[in-house]
Structure formats: structure tokens, C-alpha cells
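By letter and in written order, the chains are A, B and C; residue numbering begins at 1 in each of them.
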Amino acid sequence: MHSLGIAFDLLFGSPIILYSIIGLIWGIIGGSLPGISASITMALLLPFTYGMAPVQAIVLLACTYIGAEYGGSIPAILIRTPGTNSAAATVIDGYEMKRQGRAGEALGISLWSGVIGSLFGLLMLIMLTEPLSWVALAFKPTSYFALGILGLSVIASMTNGSLLKGLAAAVVGLMIATIGTDPISGVTRFTFGSPELLGGVEPVLIMIGVFAVSELMMQSGSKGLGGVSEQVRVRLPSLSMMNRLKRSQFIGCLLGTFEGLTPGGGGSIAAFLSYNEARRWSKEPEKFGKGSEEGVAAPETANNTVASAALIPLLSFGIPSSNSTAVLLGGLLIHGLLPGPRLFEQNADVVVGLYLGSFIATLAQILVGILLLPVCVWLVNRPRAYLAGFILALILSGIFTLNTSLADLGIALGMGLVGYLMRRAGYPLLPLILGVVLGHMVESSYRRSLLLSGGDHTIFLEDPIAVGLLLASFVFVTLSLVREFRDARNAKLKDAHA
Amino acid sequence: MREHAALRDLAGGIVVLVIAGLYYWAIGDIAESSLSDDVGATGLPRILAYILAGFGLILTARAVMAGALSPAPRPAAEASAPSEDEDETSALPRALGFLAFGVAYVVLVPIIGYLPAIALLIGAVALYEGAPRNWKTLATALGGALLYWGIFVKLLGVHQPSGWFF
Amino acid sequence: MQGGPFIGPWEDTMRHLAIATAVAASLSAWSASHAVAQTPVDYPQKVVTLVTHSSPGGGSDVFLREMAKHLPKYIKATFIVENVQGGSGARAVSRLATAPADGSVFYATTPTYIYTSLLSKVQYGYKDVEPLVNFFTDSEVIYTRADGPYKTLKDVIDKAQVSRGRWGAANPASLERQAAEQLKKAANVFPAVVSHEGGGDLMINVLNGTLDIGIGEIPEIRPQLEAGKIRLLATFDPQRMEAFPNIPTVKESGYPVALEKFRGLAGPKGLPPEITKIWDEAVPKVLADPDYKKVYRTESLVANFIPHAKYQGFIQNFGTVTEAFLKESGVLK
């Protein structure tokens, strides 16, 4: 009852709604610009929050996070450019739908799924913060290693029928992840003396390079996308479609909550895992990769769930599970708010305001999306000759903001060439991306585990979470391989009949 | 067609081998530290290099066999390029030409500054992609540059490279 | 979540956000609204830019923004904070090294820039800039979980003697890691020292019992410290911390190790003496300002003024000691 009172005060006493909607719109804009991650979008606002009341500042930042996680899917669908790391999995079926002239439908599905994910994450945050926060605490280095392996196990089903090439691509991805400072000893690896590489290569540079730049190179000189007439209107899913998406969204919600609780890939692991699981449990798995609606819904639900669920370890322990929540932590600290158990007692108004603001932002997301998205769709339907230049300019401007480094631009362009050559030679791109995203986590947590045990591998068996995750990875890989071989055999049979 | 695919696989396999070799060679630069663990900073890189070299060998060998026995039908699962991109693939020189505009931008932007460089980039790519040489293309390039400058520099307030003149 | 390893734990989690922000207007308005007793000394520059490698909200950023609020009371100028991120501090240092040495640009120094200068081929390193004065020392502490078996640092060392100790440091190749190695040497024990991806990551592993102790900074662990889940065992500071007078130093616990994680300012080479003199005189007054004291005490910053004449030697010495440590341990070839 007390919280309800606070909620009403906040709603009518101070313009919380205003802050949450400004944050949401700002977040969608920032998130949809390639290279400008959710954390940068938030950090750009941070200096302006110094003068605000704490609750206003926190609502503004949290709603920016929600908007940015959603916004990342817009360029992923429209121009094959993941706006944020966690939108990489959305590229697969989202861009395929766009190529089929179903951009409006894909954007509608991602919008709807984003709302479902945010609401679910918020529900978890409000109802279950206390019990779920202990999941974060139970994660040891052994568990992180197993989580990384589970993420890598997705590779087995993302090789486009060429297992060997897929695995080779994954190894190259893992190699890229070793660039930078060694996580245990601190010696530099493959940096060639450059301070720019001390912190490693940003995964988003690789994603934008191999997905977006290579796509621009592929399309260079072509007349356009086959003259498919695009509907400009954004179509929210119909009731029967909502029903069909339920299963994939449920998977996204579960995995998203799980990743939100555990520091890691900041949403990308959950997005890839739920894409994979949605395919496994789908009634139409053959449509995945060819413009499946569920293939858009699953990762988009997952990464939006992460945005809300990541507040659980942040508020209860002061532990940021991603760069974005780290900026939010900065925002809390600047206003003298200390996360932890006492925040809920001493600053209940901030906590309730945060819940309320996020809730408003989630609902407003539908409205803002319906108004904003047609403009985006219209933009990408301009004559191809102009569009190509605009996209390249957008990418090069966007990634410069990451580190204000021209070297980053060089990396993205170089990865564009790599992506182009890989596609020409029939090497799948996704295993490379997964390797880049997960390599660091797998290596560092493996070595930490062995350091703790003195080189004894049985330490992995002592951790029930690790055992569970490793078993799951084993089952997934086996099932995926069985399916790959079955598909291959079926294809051969079909060939023989034809 | 089949020989062509085998040739491409052969090139792919050799490139994979070269990457593995270069990576292995670069491992030599990593310092051995007493702060390290038993696995060491070079532990994973070495394993990765070996595995990749192994994949490269198999891929190369498979391509050679496929090329040598080209009349024999190969299983569909190992068909060359996935069909998704085949229809709109542009030739390598053309694609490299496109990339060159990006590289030119990276070289030019510290000299002439963000606004002129981005206008040049949009205009040049548009012409390369077949836009007519008229005032419309020019206006689009200038307008686009102003738009991006407005979004990134003015709205977001993030620095873009400034050149000698701007 | 690859961590920028040399950036302090705070900055680490929020690394590489390349943004330059200025809040000059709000700061000068703030100082104008506060009528102060003493008149600020004249300064040759109207606007002074304080550069940091940390992102908005990161450790050095908060340090500078707080400082910028209080400096105008003693030095007549407007102070602007500029975030120059990337390259683990290398870019910020080159921004400084190429700026005019007229007192208009300074850089917030932390051990980060020394590590980066040593570990990569930077165009401008710590020897290419001139240390101005030091303001603070960040307290480095040893902590354990409150319901764990360790009550004192000696308990931890004893355990490490009989079985495999498990210690944690926030980042690889950092001052905390160096502290752990020196303590190992001083106590003649050989525990495993596990580097993490920043202070939060480390704290989880201390709380869930994976590690015996963690070595980090107070701000990172404060939520759990106040909630009573974490116990401080000792500090690497040369003296006891003001905020925690009951916590002994490592030295008092019997192991001759002391560290100073400094926070100060540096300028381009060749700062004119009239500028350094103004700072030498103003900084002790700023540090004694009651409003400012209240703020930095809660952050567990220890006022540690080192004047210009001594600060150069201090930084050189820190650099030499660090270089020797990195060479001895083989991190540097």
C-alpha cells in the first residue's frame, strides 16, 4: 500500500512520464545508430542528469536502456547492421524477411516481442528480485566456463550445412577474441604494441564489418533488391501470429532472465541461445534462416528481457552485469544512491519510480514504434545508389564514436572484406561472431577455474551449475548434429528423385 | 561450375592454413610471465593455431580431391557457396572498389574534416552505384552530410574527426 | 565483457565510451551561487580543461567533476571536464602532451597511465608529461566475506601456508595484482592469485566463497560492506584509513608492504613556475575546504597533497618500481 502511494505521488507529482518517454525515444535513436551501443547512448545522457532529482535521473537512464535494446533491432532488420551487440541474432531472419519485402512485418514482430520481453523482465524484477539475486551469486568461474561452452554449442547448428567451414570460422573468431591483454597474467597478446588494441577488439566492429559492410560490397552494382515493393506501414502481429510466436517468446523470456542475472555477453548469448532453442522447439524449423517470424521474435524477446532483468543484480548487489548497467550504476552513485539491500529501504521512492518509469516506457514503446518505424522503412526504400552511400557513411560515423579511433574504422572495413570473402567461399559468418563474443569468457573462466583448483579438472564436476550447463551443451550439440546429417540425407534423397 | 567451386574451396583452405601459420608465428611475441597460470597466455592460442591448421589441411585436401575427381557428384551437404547470396553477388573487383571508398574516407577525414569527407563519401558512392551526374546527386550528398553532422555532432555531441580546415 | 585491463576497476566496466562532454555552464553557475569567504587567486587562464581517460561516471571522471566544483573558490577560472577515452589512457595522455604548457590543460593521473606507457608502444608516455601536484590516495584494501573463517590477515596467511590459498585481484597487470604479489613475497606464501574483470566480478567470487580474499578499493565494495556481508582485513595504505580506524594496515599486520594509488594532475612539459606556484598554494586550501572534505571522505579518498617539486620524483619513482615489477615477473620483456 505504501509503495502504491509513492507510485501515485511520482506519477502526478513529478513528471516521471516525461522522463521515461524522453529516455525511451533517445534510447531508440541511439540504439538504432550502428556502433552507438546502449551503454554509449546512456553515457551521453549522464552529464545532463547531474542536475536532476535522483529518481528522474535513474528513470531517464533505465528507459534509455530499454529503448536502446529495442532500437538495435531496427538497423539489424533493415540494413543488416546490428545496432547493438545483442541484435546480431536478429539479423539472421530479420534481414531475410526484409529481403522478401516483409520489413514492416518483421519490425512489428520485433516491437511486439520487445514489449513482451521488457514486461516479463520487469515482472521478474518487481516480484522476484530477492530470490533471483542469489542466482547471480551462485555463479562461479566454473559456471561461467560452462555457460560459454553452452553458447559455443550453438555453432553446431549454425554452419549452413558445412560443418568444417563453420568450425574453422569459429576458431578464427576465438583467435580474434585473444587479441588484447591476457585476462590472467596481464601480458599483451597480438597487439603489436598498439595501445588501441590493449582492451581487445570490440565485437560490434566485427559484427558490423562481416554483416553490414560485406553486404554493401555484395550488392555493389546490383539494381536493387529484386524490385520487391515494400509496405511502409509497420504491421503488429495479428492474434493468430501472436499465438504462433508465444513459444519462441517464452524461450526468449526464460533465457533472457537467466543472462540478465549473470554478468557476461550483455544479451548476445541469450539472443543466440534463444534463436537456437526457438528453432529446436518450433513447428516450422525449416523456415529459420529463410525469414522465420519466430526467428525474429526469440532473440528480440531475449535481449529486451535482459535489459530489465539486469537491474536485479545491479540493485541488489551493486554489480553491473553489462556495460549498460555499469553506466546506470554510475548514475546511481553520482546521486549518492548506493545499490544494495538498503536501497530498497532508504530510497524506496527511487526504486518504485524506476519500476514505474520502466513500465511506462515499455507501453510507450508500441506507440513510439508505430510512429517512428514507417520513417525508417521509407528511408531504406530510397534509390539504392544513394542508399549505399548513406549506409556506409552511417556505419563509419557511428563506429567512430566507440573509441574516437580511426583504427576502429579500419578494423570494420577490413572485417567487411573478410566477411565478403567468407561468403563467396561458402564460410558461414555466425560461428565467427559467436567465437568473438564468447572467446574471452570461455578462456578466462577456464583458466580461473584451474588456477583455483591447482590444475585439477574435477573442479568442474563439483559445481552443479557447471555440470548442468555442460550436459545441456552436450545434448544440444548431439541433437544439432543428428539434425544436420538428417537434413543432408534428405536433401540427397530429394536430389536423387528429381 | 563444379571445378570452379572446388577451386574456391581450395583457395579457402589455403587461406585458412595461412591464417593459422601467421597466428602461430605471432604467438612468439607473447611474453612469458611469472604471474601466469599453468595454461599460460600462450596456451589457448597454441591450441587454436593447431586446430585451425588441422581444419585448413582437411579443407585443402577435400578441395583437391573434389577438383581431381570433378565428374563425381558430391554430397549436397557440402555444396559450395550457400545459395542465399549467389543471386546478387557482385564481382570481386567491383566489391573491392566499393570498399576503397571507405578506405579513402578513413585516409581523407583527418585531412579535410568530417563534413566535407562524409559529403564526398556519399556522393562518390552514389556515382559509383549508378546515380546520375546531376544537381540532385550533389544536393543529396550535401544534405546527407549535413544530416549526419547534425545527428552525430550536434544532437549526440560526440566528436567526429576534425581536419586541417574544419 | 572483455575488460580494459589497465583502467581501474571502476573505469573498467564502463570503458571506451568515446565522448567528450563539457559541463562548464552548470559548474560556473554553481560556483557563482556559492558566496565564499576568501577571494580566489587570479589565474592566467579563463578556462581550464581537465582531461580524463575515464568515461562519464567513471572513477577519475567523478574525481574531476567534484574537484571542479570546489576549485573555483580558490583559483579564479572556469574548470571543464573533458573525457578522452580509448587506448587505455594513451589517447588522453597524447591530448595532454600536445597541448600548450600554459596552465590551460591538465590530466587526471592514476597508475593506469603508467601501466599503459610501459606495456604498449605509446607515442606519448608518462615521461612525456609533467606531474603537477597530487591530491589523494585511493585506499587499497584486503577484504573477505563476513561469514567466512578469516578474522585477520594473519588467518589468511596461515591458511595459505597449510593449503592452497585463493586470492583475487580486480584486474590483470594492475596495482592490486602488484599488491598481491608483494604480499605473497613478504609473507613467503604461494597462493593462487586470480585476476578478474573488474571489482564487481571479484566481489561475487569473494561473497560466494570461491576466493579467500579480494584486493580492491572501497567504493566497489561499499554496498556489501554497509550491508555487513563483507569484512575488511587490512589496508595497503601507509597509515590507517580515517573512515575505518579499526582496520590495521598490512604493515601493522606484520608484512612490510605499502602502496599508494595516487590521484593527481599532470600538465604538458614545461609548465611555467608561476602556474605551478598557484597550484602549490591553492590545493592544500581546496583539500581543507569543509564542503569538499565531506564529499571525498565518504568516497574513502585520503587527502595526500604532494607539491610540484616532490611530485615529479614521486611519479618517476612509481614508474621505475612498476617497471621493475613488470620486468621481474616477465610481463614486460
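The rule is short, and it goes like this: a contact is a pair of C-beta atoms (placed from the backbone, for glycine too) under 8 Å apart; a residue touches a chain by one contact, two chains touch by 3 or more.
Predicted model only: the values in this text are computed from it and were never measured.
Looking at B-C and A-C side by side, the one with more C-beta contacts is A-C. Note: the chain lying farthest from chain A is C, by mean C-alpha position. Relative to the whole-protein C-alpha centroid, the nearest chain centroid is that of A.
Once the centre of each chain is set as its mean CA position, chain A and chain B turn out to be 22 Å apart.
Here the CA centre of chain B is 40 Å from the CA centre of chain C.
Here the CA centre of chain A is 33 Å from the CA centre of chain C.
Among the residues of chain C, those in touch with two or more other chains are 18-21, 172-173, 177, 192-193, 330-331.
Residue positions of chain A with contacts to 2 or more other chains are 44, 182, 184-188, 400-401, 404, 451.
Multi-chain contact residues of chain B, defined as those touching 2 or more other chains: 31-33, 35-37, 157-159.
Interface residues of chain B, counted against chain C in their complex, comprise 31-37, 157-159. Within the complex, the chain A residues that touch chain C are 39-40, 43-44, 46-47, 50-51, 136-141, 177, 180-188, 191, 193-196, 198-200, 202, 263-266, 317-320, 322-323, 326-327, 329-331, 333-334, 338-343, 400-405, 440-441, 444, 448, 451-452, 454. On the chain C side of its complex with chain A, the touching residues are 1-7, 13-21, 23, 26, 55-58, 62, 65, 84-91, 116, 119-122, 164, 166, 171-174, 177, 192-197, 200-201, 203-205, 207-208, 210-211, 219, 222-224, 226-227, 330-331. Looking at the complex, you find that chain B touches chain A at residues 5, 8-9, 11-12, 15-16, 19, 23, 26, 29-33, 35-41, 43-45, 48-49, 51-52, 55-56, 58-59, 62, 75-82, 85, 88-92, 94-99, 101-103, 105-106, 109-110, 114, 118, 121-131, 137, 140-141, 144-145, 148, 151-152, 156-161. Listing the residues of chain A that touch chain B in their complex gives 30, 33, 36, 44, 160-162, 164-165, 167-168, 171-172, 174-175, 178, 182, 184-190, 192, 213, 216-222, 226, 383-386, 388-390, 392-394, 396-398, 400-401, 404, 406, 409-410, 413, 416-417, 420-421, 423-428, 443, 446-447, 450-451, 455, 484-485, 487-488, 491-492, 495.
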